[in-house]
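Structures given as structure tokens follow.
Shared chain: chain A. Partners: chain B in the first complex, chain C in the second.
Our next item is the complex of A and B:
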């Protein structure tokens, strides 16, 4: 049994807005073992990015209320002071953002930004920055180290971001849609790089994405989120082979495939409910074809249906329960 | 306006002959110093009435510029765009306005392509007002019909764009494009900004409308799987040029150009058990201001030879309507 590096239990993130309180993340539980890669997948507004910001405690605490427990390497992150948290950010947990152009500072050179966290002497910092740029596969690092972000292409900027994140050799890397803004051939390069570095440096990875294709290639375990809830969690093969939750199934069926020809895609009808108009029972109920009276009234719990496969659905759990009773 | 040829399903609707669109990249006084961004550099293709032609490529390959050039939103630098027998690059302003009834566009971003100060009803009716079609009452009736056609309700006409979700807004954009009964619709990344489950709804809607109204689409996107799903034929673009053009299936199963093959292998597929040989391209797309000489792909091509660096391959039929531009294809 590997050690649990990150344990998120009952994470609830609420935002206080002028129009009232909204719950962006609702009782989320998952854990990440040492060296494991976990993908959080879902559509816009499902709370996947808020989850990563909550873990890093990057949300403005006057507006956002984060409760539950986030244990990282034996420490409870939610109880740390800002000063203590700052020592963890970048050093033990690093983060890569979606948009490399806005995440980099345009007025500093790439080399300076990479070595900023290291607090080394000038020459030493420069040497280390070049070393890190080599590690992430930037060509001509001796030249690039003195260039500014606008002189680089999107893919190169994302490599600089990764070099920055790796500067302190973190134990956990959180990547929030790291390839979404990139072209598909560049995306393939960056994913290959992240995977290779994760193996080489034995980092754990939390990858946040909306792309099931990326999930299939990168993840060991997958958490599917919908409207703030984790609706299904399983290892990657199980999830793609036997998706159980109606939302996961719908999501997988609505992706156009290259290798098959289908006349019509099976779309999920309706839209994601707004944060102020969350349905009372199961949050997916209004769009679910198998919705029952119970689904509309009660919130289903996340139940393990065997082999660490967790599903939040009354129908699936009842059916599985009945199967077990018969057996 | 010059008389347009009558076309029925299967006839040639649009033909591009060596279309180019260059933008000046500097303000040099002397011609020899001038540099151009060659956004579209010599594209020829033919589109049949009722078919869907997909155009796919990475950012900066010129696919959107080509779409706007076909609409005459951007004036072509050279080449002919022949729509129903008439070269539309030579039309005057008033004639062009007539033509725009026939060719419409759906934009990528449903947030910025709808005026936030107008109601959905007046957004959809605006093209009819511009072309002096019908009375106000007739227009209102037509708006209601159009809203129903795209899966919204007639009473939505009184609402404003911010009251709708992304998918619904894109439906409004589609209704506006349909208002003039166009023959050809250019979908410029029409579903790229939407979530997968909503994307599938809009793709299904576009298909349904094509069947019911006999529309012809040019479907521009960067995702090959979406383009292949909706298109009869797919053209792959790289740095302003078409590198391959074939039936949707053979672009995937029988890809000939090394760029198409790399593009396909780069797409992450939602199947964790598939073992694949990845061809990962090295480097970035070169700048279109100074595209590489010879074959434009040779800087990233794993099979490039001396010949590729020297001469540009011809875009030719390699059998059964499968076009490709590569020296290595026999």
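Our next item is the complex of A and C:
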């Protein structure tokens, strides 16, 4: 049994806005073991990015209220002082963001930004930056190290971001949609790079994405999020073979396939409910084909249906329960 | 970069020429005439007035007058004042130093106070400190200089007697004209002159800094585990300074020429009152001289702003 590196329990993130309090993440639980890669997948606005920002405690504490428990490497992150938390950021948990165009500071060289946190002497920092740029596959690192972000392509900038994240050899890398803003061909390269580096440096990886293709390639475990909740969690094979939650099934069905002769693209009807109009019972109920009266009234619990496969659905759990009763 | 600077300086020459034509024409278009006051003298005969006109060159057509003036400027002879008959260059030389002293001090005061004030306001956005400075900067922008100056005089010179009321040096006493004496005279007018720039630059710095703090790269800097101080002073400051440089540099000519009111309130012997006098008496050579210096200052400030811009922002290349 591998050790748990990150344990998120009952994470609730609320934002205080002018229009009232909204809950962006609602009772989220998941674990990441040492060296494991976990994908958090869901539609836009389901709380994936807020989850990662909550773990890093990068949300503005005057607007966002984070509660529950986030244990990392034996420490409770939510109880740390800002100074203690700062020492964990970058050094133990590093993060890569979605937009390499805007996530790099335009007025400093790539080399400076990569080696900044290392607090080395000038020549040493430069050498280390070149080394890291080599590691992430940037051609001509001796030249690139003195260039500014605007002189690099999107893919190269994301590589710079990755080099920056790896500078302190973190135990956990959180990648928040790292390829969404990139060309498709570059996306594959960056994903491959992240996977390779994760293996080589023995990091754990939390990858946030909305792309089921990426999930299939990168994940060991998958957490499917919907409207701030985890609706299903399983290892990647189980999830793709036996998706249980109607939302997960919908997500998988909506991947276009070339080997079937369907004319239409499959889609999940409706949209994610707005944060101010969350339904009372199961949050997926309004879009769910199997919705029952109970679904509209009560919020289903996340239940382990065996083999670390967790599902939040009355239909599935009742049926499984019935199966168990028969057996 | 050097090529760019040379190009800009060369481009400035036709610009100054155009500016001089426009102000010369505007001065000519002013109602009245420099020799009007002689007309009110009952003993001035038409012949005498003609003689004066001839002596000043005012009998010639306007374009000839302008060309004569231009020839003088290029060869270093800026003409003589109609009023005092002294060379314009010499007169301006006397008045320029006190004005540079006053506006330079005001500029530095404004810069040193405004930027830290604006940045702390941005960092403590919405808290007491921010609200207090916001209110104060609003007051600063709204307060007219002549009123603020008079109030300061009333409080510090008349009631408390800490500072001299006006002038640049004491007229009597042992330390009259010494550095400390001038400094004591400089305090109040410099504060009055800098007030509006403290206020407007602080507001501008604050809003810029707030905008920069919302950028993705600030989040990246925090995610890297940098100290908040480093995030502010390294990552945010440099980016926030870029637009600020333009505003500050372009305000320099305004500080310089805006000293008029302050100099009047504090009887500061600078260009302000000098310009006012020349304007009232339509002393063309003096007015042209002062206005051309202003034009040069505007062009230099623009150039310096663009150079600083390129130094601060690597995306700008000339």
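In the analysis below, the second predicted complex is superposed on the first by the 325 of 327 C-alpha atoms of A that agree within 3 Å, B and C clash if a C-alpha of one lies under 4 Å from a C-alpha of the other, contacts with A are read in each partner's own complex, and residues count from 1 in each chain.
The criterion applied here is as follows: a residue touches a chain if its C-beta (ideal position, glycine included) is under 8 Å from a C-beta of that chain, and two chains touch if they have at least 3 such contacts.
As the structure is a prediction and not an experimental result, all values here were calculated from the model.
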Task: chain C versus chain B on the shared chain A, clash or fit after superposition - done: fit
- [ ] With the two complexes superposed on chain A, say which partner A:183 touches: chain B (first), chain C (second), both, or neither.
- [x] first
- [ ] Identify which of chain B and chain C touches the larger number of residues of chain A.
- [x] B
- [ ] Using the superposition on chain A described above, determine whether A:164 touches chain B (first), chain C (second), both, or neither.
- [x] second
Open item on the list: Between chain B and chain C, whom does A:102 touch in the aligned arrangement: first, second, both, or neither?
Closed with: second
Open item on the list: Per the contact definition in the header, classify A:44: touching chain B only (first), chain C only (second), both, or neither.
Closed with: first
Open item on the list: Just checking: does A:58 make contact with chain B only, chain C only, both, or neither of them? Give me first, second, both or neither.
Closed with: second
Task: Touching partner for A:237 - first (chain B), second (chain C), both, neither - done: first
TODO: Please state the minimum Cα-Cα separation between chain B and chain C in the superposed model, rounded to the nearest whole Å.
DONE: 15
Open item on the list: With touch defined as at the start, can you tell me which chain A residues reach chain B in the complex?
Closed with: 43-44, 139, 153, 155-156, 183-189, 191-192, 210-217, 219, 236-237, 240-241, 250-252, 254-259, 261-269, 271-272
Open item on the list: For a test of understanding, state which residues of chain C touch chain A in their complex under the given definition.
Closed with: 126, 215-217, 219-228, 235, 238-239, 242, 312-315
Task: Complex interface listing, chain B residues touching chain A - done: 58-59, 165, 167-168, 195-201, 203-204, 207, 222-226, 228-230, 249, 252, 262-273, 278, 280-285
Task: Of all residues in chain A, those that touch chain C in their complex - done: 56, 58, 62, 82, 86-91, 94-95, 97, 99, 102-109, 116-117, 148, 150, 161, 164, 168
